[in-house]
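Only one structure is covered here, and it is reproduced in the block below.
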Amino acid sequence: GNSPAGNPQSSGAPSESKPAPAAASPTTIKVGLVCGGMTPLLTQIGINDGSFEKAGLKIEKTCFNAGADAVQALVGGSIDINLGSYEHVLRQQKNGLDVKVYGEIYNGVGYALVVKKEAPYQKLSDLKKTTLAVTKVGSLSDTGLRAGLEKDGVSAEKDVQIINGGSGATMLAAIESGKAAGGMVSEPTTAQMLASGNYRILYDPPFEYAGIVIMAKSEWAAGHKDAMKAFLKVNHDVNERAQKDPQSAVEPMLKEFDKIPQDILLTAIKNQLPKVPAGLKITKAAADMVVSTQLELGAISKEIPFDKTVDLTLLP
Amino acid sequence: MKKNQAKLQVQNLEVRYSTKEHSTLALDKVNLSIREGEFVSVVGPSGCGKSTLLKVAAGLLKPAGGQAMLDGKEIDGVTGRVGMVFQNDALLPWKTVYDNVRLPLEIQGISRDRQGEEVRRLLRMVGLAEFERYFPRQLSGGMRKRVALARTFAYDPELYLMDEPFGPLDAQTRVTIGKEFLKMWEQVGKSVLFITHDIEEAIALSDRVVVMTSRPGRIKAEFEVNLERPRPFYDIRFDARFKELQKEIWHCMAEET
Amino acid sequence: MSGTEEYGKVKVWSGRIALGVLLLGLWELLSGRAFNAFWLSKPSLILERIVEMTQKGTLWFHLSVTLQEAVFGLIIGMVGGTLLGIVLAYSGIFERWIYPYIMALYSLPRVSLAPLFIVWFGIGMSSKILMVVAMVIFVAFYNAFEGIRNIDKDLLDMMKTYKAGKLQKLTWVILPSITVWILTSLRLNIGMALIGSVIAELVGANRGLGYYITYSSGMLDTTGIFTGLFLIMLIAVVLEQVVIQLERRLLKYR
Amino acid sequence: MSGTEEYGKVKVWSGRIALGVLLLGLWELLSGRAFNAFWLSKPSLILERIVEMTQKGTLWFHLSVTLQEAVFGLIIGMVGGTLLGIVLAYSGIFERWIYPYIMALYSLPRVSLAPLFIVWFGIGMSSKILMVVAMVIFVAFYNAFEGIRNIDKDLLDMMKTYKAGKLQKLTWVILPSITVWILTSLRLNIGMALIGSVIAELVGANRGLGYYITYSSGMLDTTGIFTGLFLIMLIAVVLEQVVIQLERRLLKYR
Amino acid sequence: MKKNQAKLQVQNLEVRYSTKEHSTLALDKVNLSIREGEFVSVVGPSGCGKSTLLKVAAGLLKPAGGQAMLDGKEIDGVTGRVGMVFQNDALLPWKTVYDNVRLPLEIQGISRDRQGEEVRRLLRMVGLAEFERYFPRQLSGGMRKRVALARTFAYDPELYLMDEPFGPLDAQTRVTIGKEFLKMWEQVGKSVLFITHDIEEAIALSDRVVVMTSRPGRIKAEFEVNLERPRPFYDIRFDARFKELQKEIWHCMAEET
């Protein structure tokens, strides 16, 4: 729909002198994300349906196995923008590294606790004395699970065993073999597992949580204001389109997940879309939730103020 | 003991070493027979196939043609009780002198005590009694060979196959050990196929001396040694018949090089 | 009974193929019957996938990346490690000092280092090749070193009496003596190099067989996992054959 | 110039310690000056962490698990691999058939096999030990096999003429001959075993140094990562010393 | 050439082999001097330290006491142009016969063409012309030794150190090669320290024969060989002075075992 250079806001930027920065030589942005999941849905659609190209951005995507690895690459300068959890931003800040949030594309943990259909557990408190798998201890899925457990009066330290379960096939293996009573799974694996009819979701963290934010070194963002703006804008536009017509997202997402049946993919997309925050704005509540869990975990020792870590001025 | 049956019988033996590049005919139509209890020496120019002949007799090499029989049965792999002294010493580097000599006794399942006695007796015989705790690497070339000899004596096989057993020994040690060996042999009368470069030694020890041609090895001549037994291993050299034989064999070999 | 006997080529290869067919056949048959087809996939599905990938062009895309990483890393690591081994073996007491540190470094899990590699060397080809080098270099070093300790002292003494220079000692005695050891490490390192490139691709990659495997695992696509593993094995077998040819040439004196 | 010269113990150890102190000192000094302290941590911070962990009791908790996995896996893998190598070396043409398949298996990235390991062997200690075995067994196999190919044929001929039984050949000639090779693989495998246990702890673990490293990495806690790595290196150095003692005893005939 | 200066001078030499378990005194107060161009043979019982003496002279072993000097300078590591034939052959298994013999020429930086000529000449001399493309493993024990000999001749050092160079050779080959060596030596007159077990050979070749005691090795006696040169290597054995000397040396050695 939108014309590639339809960027009223870019002309507002003082540093911008050329009227049409796009077409000729696209700006390259190296984006890192944890592939295999679809929480960064908007960017994935944008890459696959050519929206970024149209906006004059060339996206070089790099997949990481874990969010923490991607953050390290971000700080090391191997990637420009990382799509990951807000908690990493906090931890980086604590380490004195200036990484900031420029928008949010997914508000929520993004992982749900899946158990076998015939398993006797109905609520979190039934899970005492079991082993539960998270993708990687200390990661988003871990935090989400712990928060839920604690709320229901289950101690994550004493009452259950939390193990590394990896993602995808590894996680499925842990659950299916019965070695883990349940595991934190993200879309589209969740949709796939549910579609098989053998699994059900026992717990989907209901709270707001700054799950996938668009983060960059503030240094980089300052030097590449237009690129960052354009990047945010594309995500924003993709969101508008997809919210209106989820079916339109299926085709680009199929390029990303070509081994997944269309109907399952559509379900997954429909599950994800409601969690995209309006205007890609990270809410204070979502951020605070992350801060409090991190404080509890001891990953950070004192509260880090919202405005020190978040910069929403570049959003459309 | 059937003194007349051939212990080792070699007929039309042919051996060939083949690699990608060359094919060497080592032995060509060799006929040889050793009676039970007979002592036969083989002399011949370097590289004529003496070691090869021994390896065939031991069952370590397959002939390309002809056959080799032990006690009338074709040799296929290591069969009868055959004791071999290798041209190199083939000692186990990780075992002490004592254990190296003990090896055949251990294989025969003899009790530890008797092993100890026997090993010490043999080491005394080859003059290495003090070296029982040494490793082969710590011995001189001649001492290593003596250990290998002691080991073969310990095995006491029905057929001795000896490839230059006294090679790196000085003249005196050679006489000492040769004497002992001859004494031992005269008592029990085992068959021996003995390779040496020392014509005198060959005559002094043997019933028969076989001369081989240069490569490809064939039997050139055989000499009966008609000297009475028991023989004085060293003094026999001054016997006239001995001198005569020595000269004959020398000339026979001299034609070869 | 010697482990080096020669058998006819036909006999060897027909046996190999028969064994391969047998294994694949069993897998095909049992998959879905004796055990869950999902977790082990099936040879026929893998074949199908390979055909599909070839048509789409993704096969060579992924394969070539991994192959490049593995081969470059292997070469650099082998040469570097072997040289290091030789130099250290002749460095006198210095070797005794530094050796334990090298072995300690060797024991570091490369998987855990992968994120640090990204920070230090970026996410490009070079950081992946370096990861392969980090896998390969220690075995190469160690074998070269151990090979030198096992050189026949008499041969070196002989070279000394001829007043051979360092280079001559190296080319006439040291290198030929440790050839067996270097070849051993080369063969061991083929596997290492492939593992190294997969590990490197676990973290920060968008192509390569390791990436493809991880991606398939995320998609619960076991056929994809096995296709990736199969292709890695294929590379290993091909490289192994190259080394065997090399070995035949270098060790023909035996 | 022979790589096996003897030096005084004092000289060797003082050099080692000096080198260690030098390296640590440089690290301590440069960290925060020449490069960002966050990415490389600091020896003093690591020491602090170790003290802290010791007090909390978590040090031994994690260390012992990894140590157990590594040692058991090492023993099982070494014995199994060596036996396999010996058996195969004497299996005639069968070896020629099966060999390429073994080497292909060897090249499989164990990390990618994690899902199958979980399905088959669960997530307990045994599956982790098996992962270590899977790392260790191939090098053990390969070295035993290669060692047998290098046995002095004369010695085996000698044993044959004495009509030695299979077991006697094994204990008197084969095992002592390949001892050098087995020790080499043992030393290489110390590192492998530790890497294997870390890989195993990546998935389905809630203790062990590998787990601790992964956890720290998730927390972006570099000091934690380096503490874990340091402890692993410590285990490696200790095990290495054990092997060196063993080697001294077994190879004293040289 | 200063015929009177000592080429090799050994004074009060003591050598000890020490391991954790044993300490063996191999040589004890050995004094020996070889003049420029002199041919000295050493005989002595097995294990008395002959190889050890040679290794010290070559600079491969450090003495525990006393000193060894080459051209008046203390030997420290391999110094002068010394050529050694090892008791075992020390051939490079991965090089062909041709390349093994070529080795010293290559080290001396001689041109390829001249290398080829020289190597072929020497191989013809030791009777191995046809075997130039063989690997050591494919040769018999005696043939390997001949290759090692050819290699030392190719080096043509100022001091030959030869440890049982003709050991595993048959009597005739021994004579052939001995003859050639003697001829070569008589032309150029290099110093030689020659170890052998064959007393006749020692006398036939040498200017002086040194007899060593059994372990720990000491010099027991020295015998001047006053036979004119050039000598007929084989026929000299029938000379009366030769026989006399042979008997003397034999008895001298016999006391040792």
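Order of writing sets the labels: A, B, C, D and E. Residues in every chain begin at 1.
The rule is simple: contacts are C-beta pairs under 8 Å (C-beta built on N, C-alpha and C of every residue); 3 or more make two chains touch, one makes a residue touch a chain.
Just so we're clear, the structure is a prediction, and the values are computed from it rather than from any experiment.
Novice: Along the shortest chain of touching chains, how many steps lie between chain B and chain C?
Specialist: Step count on the best path from chain B to chain C: 2.
Novice: Which two chains have the most contacts between them?
Specialist: Among the chain pairs, C-D has the highest number of C-beta contacts.
Novice: Hey, which chain ends up farthest from chain E, C-alpha centres compared?
Specialist: Relative to chain E, the chain whose C-alpha centre sits farthest away is A.
Novice: Chain D to chain E: how many Å between their CA centres?
Specialist: It comes to 49 Å between the two C-alpha centres.
Novice: Find the geometric centre of each of chain A and chain D from their Cα atoms only, then give the gap between the two centres in Å, rounded to an integer.
Specialist: About 38 Å, centre to centre.
Novice: Using mean CA coordinates as chain centres, what's the chain A-chain C distance in Å?
Specialist: 37
Novice: Two-or-more-chain contact residues of chain D, please, as numbers and ranges.
Specialist: Within chain D, residues 39, 115-116, 119, 202, 214, 217 contact more than one other chain.
Novice: By the touch rule stated above, which residues of chain A touch at least two different other chains?
Specialist: Counting only residues that touch two or more other chains, chain A contributes 66, 68-69, 72, 76, 166, 168-170, 172-173.
Novice: By residue number and range, which residues of chain E touch two or more other chains?
Specialist: Each of 88 in chain E touches at least two other chains.
Novice: If we use the touch criterion from the header, which chain pairs count as touching?
Specialist: A-C, A-D, B-D, B-E, C-D, C-E
Novice: Write out the stretch or stretches of chain C touching chain D in their complex.
Specialist: It comes out as residues 1-5, 7, 11-12, 15-16, 18-20, 23, 39-40, 89-90, 92-98, 100-101, 103-113, 115-116, 119-120, 138-139, 142-143, 145-146, 148-150, 153, 156, 180, 184, 187-188, 190-191, 194-195, 198-199, 202, 210, 213-214, 217, 222, 225, 228-229, 232-233, 235-237, 240.
Novice: Inside the complex, what are the residues of chain B that reach chain E?
Specialist: 17, 19, 21-22, 24, 43-47, 49-51, 87-88, 127, 133-134, 138-143, 146, 164, 167-174, 176, 197-199, 250, 253-254, 256-257
Novice: Within the complex, which stretch of chain D touches chain B?
Specialist: 154-155, 157-158, 160-165, 168, 172-173, 176, 179, 253-254
Novice: Mind pulling up the chain E residues that touch chain C in the complex?
Specialist: So the residues of chain E in touch with chain C come to 55, 58-60, 77-78, 81-84, 86, 88, 90, 92-95, 103-104, 106-107, 135, 137, 155, 161.
Novice: Enumerate the contact residues on chain A facing chain D in the complex.
Specialist: 66-69, 71-72, 76, 88, 91-92, 95-97, 131, 133, 136-139, 142, 161-166, 168-170, 172-174, 176-177, 179-180, 299
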